[in-house]
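See structure below.
Think of it as A, B, C and D in the order they're written, each chain with its own count starting at 1.
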Amino acid sequence: MKIPYIINFEEWRAGFEFYYPVKVRFSETDLFGHLNNTVPFIYFEQARIEFLKHLGFMQTWLDPSNESIPVVANLQCDFLKQVFFDQELRVYVKAESVGNSSVDIHYLGTDADGQSVFCGRGTMVQMTKATGKGKPWTDEQKDLFLHPAVKIDG
Amino acid sequence: MKIPYIINFEEWRAGFEFYYPVKVRFSETDLFGHLNNTVPFIYFEQARIEFLKHLGFMQTWLDPSNESIPVVANLQCDFLKQVFFDQELRVYVKAESVGNSSVDIHYLGTDADGQSVFCGRGTMVQMTKATGKGKPWTDEQKDLFLHPAVKIDG
Amino acid sequence: MKIPYIINFEEWRAGFEFYYPVKVRFSETDLFGHLNNTVPFIYFEQARIEFLKHLGFMQTWLDPSNESIPVVANLQCDFLKQVFFDQELRVYVKAESVGNSSVDIHYLGTDADGQSVFCGRGTMVQMTKATGKGKPWTDEQKDLFLHPAVKIDG
Amino acid sequence: MKIPYIINFEEWRAGFEFYYPVKVRFSETDLFGHLNNTVPFIYFEQARIEFLKHLGFMQTWLDPSNESIPVVANLQCDFLKQVFFDQELRVYVKAESVGNSSVDIHYLGTDADGQSVFCGRGTMVQMTKATGKGKPWTDEQKDLFLHPAVKIDG
């Protein structure tokens, strides 16, 4: 297992606190009997949005009168263990690093035994709707990403 | 096979002309190895929209400045034959009857051998955005639904 | 609101006890800003499976060595109220009536205020894998469908 | 635009020949009005499978008596341009490099004007079902990946 965005897996894993619970739907399996490999990205989105709501970002972005929206610039997932119908997973989320108007969000899916089943990351950018350009974070926002008030259960 | 919205299946089937072709995606199968039963509704939507574009309705509804949008009031599907990964289907669509501001749209899915694999129907209403009430069809629109210029391939 | 499978809405609604909670995902909305109309069928499947697990049916059907599987013969949904991103819904399920080898399963989605947002039904058949024919329920199974031990939360 | 798996975008892009056409479904949009960012992974899967069928691999893997199946080890996507409802896209696929029992598959989505709208990659491994270990490619298979007989339309 060599994952380009993780230097030390145990340290990386220890950095997560926030998670959102999901249960694998029947419609999310495929004829090989596993969770279809496109579905973790749906879980990532759901967990990311819960994380952003928890931090207070999402409420602003969903307001149509607001001038900026979050844009996902890239996404990736590494599949570590097969996942099956009806498994209860935790999808952990954290901001790994914060740029000028972007944030590198990392993800970890774990099963009921705490085993890592998939992990991933993606860059999200705060974009000004009118110009299509990045809108810089305030210092307060940067700080929020890196030091979220912990809430264990999504 | 007793389908409440079909009196004579052969006659009913003969009334279709417009269809949209789909191919069953791997991600649309489930662990029982079949097309998951939620997916025909996605095919219905796709075929309905192509039908509405063909009739010239969709272009207006997608224009944000337009005062009305189509609203699906109900949907139903009867599963006649198991469908598998990679099958090429035709999803036929027709307006079965037209009300004041609604239309009863019927659907038929057929496989490569022309066998019927699923059928369905649903009421669609033209709604005025501002009031949430039905917006009556013009006579021209009613006529269009019941006598579409035929285009065999979606 | 005229729904063919419901005679008295209030009585019908009072017959539900079991429900499964869902939260509308971002990926389940569409460009009209609502829950896409194909998604309640995914919720129905999830709630139905939880109900069948609760009754003890599902465990048998998921065992590959078992001779029978559940097959959905038809499904329908009536959309009563627009549903939006992030809404928390309850999807109620009950067996409305039981046939020889089939069961008529009814569904009701409610929002946080207890308002009905969609309802539906579908026939499910217990099928013998080898023959593709219906496998009759035992009297005990019929009784179970109509008098489930109540569990409020899915 | 800095994409870690692409050194020279124009050269990289010129290496594609096989593509599969897709049209953006209404149900694949989200409330921001764009193609939801989880959907390109569905397109990747569909295009990859068509590519593998074209090469003759898929037929073997779908045979239940066969001892090996393809497993997706990781997937990633870079979103280059917003994609909207009803756009007709081409999803190009190629094998960028071949390992012992794995292959690095690259993807490119283009719009009707030939503009690149998303790109991606993922490692796929040929796994022996019984052991869960990688099953090496034959030399013939490796050659096939890197020099597919061209077929322009999927």
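A few points about this structure:
Rule of thumb we're sticking to: a contact is a pair of C-beta atoms (placed from the backbone, for glycine too) under 8 Å apart; a residue touches a chain by one contact, two chains touch by 3 or more.
Quick caveat, the model's predicted, so the values are computed rather than measured.
Contact tally for A-D versus A-B: the pair with more C-beta pairs in contact is A-D. Centroid analysis (C-alpha atoms only) places D farthest from chain C. The geometric centre of chain A is 36 Å away from that of chain B, both derived from CA atoms.
The mean-CA centres of chain B and chain D are about 31 angstrom from one another, to the nearest whole unit. Remark: chain A and chain D have CA centroids separated by 23 Å (rounded to whole angstrom). Along chain B, residues 26-27, 36, 38, 42, 45, 85 each make contact with two or more other chains.
Those residues of chain A whose C-beta lies close enough to touch chain D in the complex are 3-4, 32, 36-38, 41-42, 45, 69, 71-79.
Across the complex, chain D is touched by residues 25-27, 42, 45-46, 49, 53, 62, 85-86 of chain B.
On the side of chain A, the complex with chain B involves touching residues 26-27, 29-31, 33, 36, 38, 85.
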